[in-house]
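Each chain carries a letter (A, B, C and D) given by its place in the written order, and its residues are counted from 1.
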C-alpha cells in the first residue's frame, strides 16, 4: 500500500527531519509511529499527506508515485486519506457540524446523506450536542475529537492520526482506540503517531520507532519500549 | 453535492462583516474619486465645446466695389464650401442703418458723410469650429478681393486649452484606473491573507482549487457590484447638489452650464460597475492563487 | 530594558513586507488623488484670477461739453477714489487720430465730419476686480454727467464661475480627505486584524498597552511618511510633465498659465505629510485599541 | 494564595463550564487538575489568568480580588504568573529566542541578563540549538517546550500549566516534571491540568478532579482515580 524508498527530508532551515527511511506498510495494517519529541513522526505523516515533498527518495501509494503526482491530482489523492493533524486544523469560521460536513461535500456526497451522517459521526466522538458551536468554543480535547470525526467521515483507505489522544483523558482515548480498531477490522490502514505508551503496550500492533529521523525499530507486535 | 459557492460567499461576507465593509468602502471610495474626476473632465470638456460654439461665425467683408449681383454669387459660392452651415447677407445699407442707431444722439454727425462708407458683409456660420482654419482657406480661395474676419486666435487658444484639459484628463483617468485597481486589489489580497490558514486547511482536507476559489471570486464580484452601486448613488446625489449650487450661483447664465446628472451618472455608473466587477474578479483570482499552492 | 519600539516597528514592517507595501501603496494612491484634485483646483482658481485681471479697466466717457480743466479735475477726483489704481486720460483728439488710423483707406471719409464727434475718455484701472461694483458707484457719485463703461456682466460671470469652482473644490477636498482617512484607516485596521492573535498573546503574557501599541503607532507614522513622500515625488514629476505638455500646446500664450511645480508641490507635499502622519497615527491608534481589550 | 468562592462560569454560548467551585490553594502547593475532556480544567485556568471573568462568585489571589481588578493592573498581575497554554500561544512572527526573551523584556529585565538567561532556559527544555527557528519550524513537542521555557522565564509565583505534556514523549515529560518539582521546592505554586495518569499516580500530590464543571474530588495526596 505505502512504500518509502531511501526517503530523506531536509527542511529549508537545514534540519534533517528524516534520513534514509525505507518502509513498506501493507493494506489493512495498524501501525504505531513512536519516538521522542522531534524524532520526525509528524514529518513522516506530512510526507504521506503530501504537505511536503521529500528532498530525496521516493514514496508510493498503491503503485502511484506520490512525489511526482500532478498538482491537479493532489486533492483527489488527499480525499483517499483521513487525517487527524497534530494541531487539529479546524476551520475556525465554521461550526463543528460544517467542519465535518465540509469534508463530505468535497467528495460530492448528497445533502441528504450529509444530514444523516454528520450527527452520527459527532455522536461517535461524543459531541452530538456541539454541532452548532465554533471550534474556539470547544475544549482542547473536544477540538481534537472534531478533527477525528472529520478524518473518518469519508471512510478513508488510510487513516493517519498525529497524536490523536494528546489532549484526551484516558477513557476517551480508549474509546477512540476502539473506533480505530473497528475501522481497521473493516479494512482501513491505520497509521498513528503517539506518545501514549500504555496504548502501544496493550495493543501489540506493528511499531515503527524513529530516532533523530532514522527508523531504529520496526517490530510487528511491539511495545512502546 | 457541494454547497453553492454563492451561498458560501454570502456566508463568508456576513461572518467577516468588518472586512467586507472595509472592502466595500475602499472600492466605493476609489470609484467615487474616479467618478468625481470624470465629472470634472466631462464638464470642462462640455463647457469648452459650448464656449467655442459661440465663435462659429466668420465675417466676410465684401470688396467695396462689388455689385449686389456679384455679392449674391459670392453668397451662393460660400454656401457650397464644406463645413459651411449657413451664410447671412448684411447689406451695406442695413449696416449703416444699424450704425446710426448705435450712435444714437450723435448719429446726425453721420449725415455729414458724402456716402455710406461701409461694405456688404456675409456672415458665414461654420458647422465645426475646430475646422475653421481650413474653411477660412477655402473661403479665401473663392474670392480674393474681400477680407475675412474670424476669431482665429481666440478659437485656437480655446481649442488648445481644451486639448490640454482633455489630455491631462485622459492621463488622470488612466492613473486613477490604475490606482483604483491597486487599492481594490490590496483590499481583496489583505482580506484573503487573513483567511490564508482557512484556505490551507481546505486544501489539506482535499478541496480542489475550484472549491476554494469560486466563493472568493463570487465574493469579489459582489463587493465590486456593491461598491459600484454605492459610489454611483453617492455621485448622483453629490452631483445633483453641485448642480443645485451652481444653478443658484449662475442663475443669469442663459444655458445650464453643467451636464445633466442622470445622463452623466448613468454612464459613470456603468463604467464603475465594469471596473468594480473586473477588479473584484481579478483581485480575488490573483489573491487566492497565492495560497492555492499547498 | 524593553527593546526599542522603533526597532520592533521596523522589524514588523520588514517581516510583513507585502502588507507594508500594500499600506504604503494605499496611502500613496489616495494622497496622489488628493494632490491631483488640489492641483486642478488651485490652477483653475489661478487661471480665473489671471483672467479677471484682464478686465480691471473702466472706461469713463466724459460729458462732451467739459473743458480740459474740468476733465483734469475729474481725473484727480477719480484718483482719490478707493480701489482705483491709476487713471489715464485719452483726449478726444488722440481718440480721433486713432480712429482715423483704424479706418485706414476709408479715413478720408471722416474728413467730411463737421467736427470731432468723440468725447474725452478716462481709463480707470482698479486694484481689485471683484470690487468693481462698489468702485463703479463711487465713480458715479463723483460726477453724474459722464457714462462709465466696464465689463460688468463679464466680471460677474467669471467671479461667479470662480466661486462655484472654489466651493465645489472645497467640498471635493473635504470629501477626499475623508476618503483618504477611510482608505488608510481600513488598510491599517485590516493589517492589524491579521496580527490580532499576536497582540492577544502579548497581552496574555503580561504586556501593557504601551508595549503593544507603540510599535504600531510608529509603524503607522512611518507608513504615513513614506506614503506622503512617494506621493509628493510622483505628483512633482507628473505635474512637471503636465506643465511641459501644456507649454508645448499653449506656446503662444503670453504667460505660463499653470502654477509653478516646485512652489505648489512643496505645499501639497507638506499637506500630504501632515495627513499621512495624522491618519497613520489615528489609524493605528484606533485599530490596536480594538484588540487591547483582553 | 488562591481562593475561589462559589465560582460559576457560563460561556456566552450557554455552556456552563464551571459551577459552584469553592477552593483554596496555598502558597507552595503542587496541584493536579484532572477530569475528562470538557470537564472545565482549561476554563479554571483561564479564570485564574483573567482571560475570562466568572459569571458568578469571586476569585482572590493573595487577598486581591481578581474579578474587580482595574484594567491597567491586569498586565502586572499576569506577570506574576507563568502560564503554559494548552495551545502554546507562541508569537509566530518571532523566533524561539525572541519568544522567551519577550517575556523577560516585558518585566524590564536588562539586555545583558536576557542574553545570559534565554540560552539557559532553552537548554533546560532541550532546545539550545533552536533559538533562531520560528515556531512553525518546530515539532509539536518542541513548541510546547518553548511555551514552558517562556512560562518559567520570570520565576513566577504561580506556574500554571495546561496539559504541558500532551505532546511530549514519556522521557521528556518526566524531565519537565522534575523541573516543576524543583521550582516547587524553591517556593513556586504549581497548578497543572493533565490527562497523564501515570504522572499523577507517581507524584502523589494534591489532586482536584472536575466533572462537568463541579469539583468532585479534592485529595491531598491523591492518584488519577
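Here is the rule we go by: contacts are C-beta pairs under 8 Å (C-beta built on N, C-alpha and C of every residue); 3 or more make two chains touch, one makes a residue touch a chain.
All figures in this text were calculated on a predicted structure; none of them were measured in a lab.
If you take chain C and chain D together, no chain is in touch with both.
With steps allowed only between chains in touch, the distance from chain A over to chain C comes to 2. Taking each chain's centre as the mean of its CA atoms, B is the chain most distant from chain D.
One simple way to say how far apart two chains are is to compare their mean CA positions; for chain A and chain D this gives 29 Å. Centroids built from CA atoms put chain B at 64 Å from chain A.
Between chain B and chain C the centroid-to-centroid distance comes to 22 Å (mean Cα coordinates, whole Å). A straight line joining the Cα centres of chain B and chain D is 68 Å long.
Contacts between chains close into a ring here, every chain touching precisely two others. Chains that are in contact with each other form these pairs: A-B, A-D, B-C, C-D. Across the interface of their complex, chain C is touched by residues 18-19, 22, 25-26, 29-30, 32-33, 36-37, 40, 106, 109, 112-114, 117, 157, 160-161, 163-164, 167-168, 171-172, 175-176, 179, 182-183, 186-187, 189-191, 193-194, 238, 242, 245-246, 249-250, 253, 257 of chain B. Considering their complex, residues 11, 13, 15, 34-39, 41-43, 86-87, 133, 137-142, 144-145, 162-163, 166-173, 195, 197-198, 224 of chain A touch chain D. Those residues of chain A that touch chain B in the shared complex are 49, 51, 72, 75-79, 81, 83, 85, 89-93, 102-103, 105-111, 150.
By the touch rule above, chain B contacts chain A in their complex via residues 1-3, 12, 15-16, 195, 197-198, 201-209, 211, 294.
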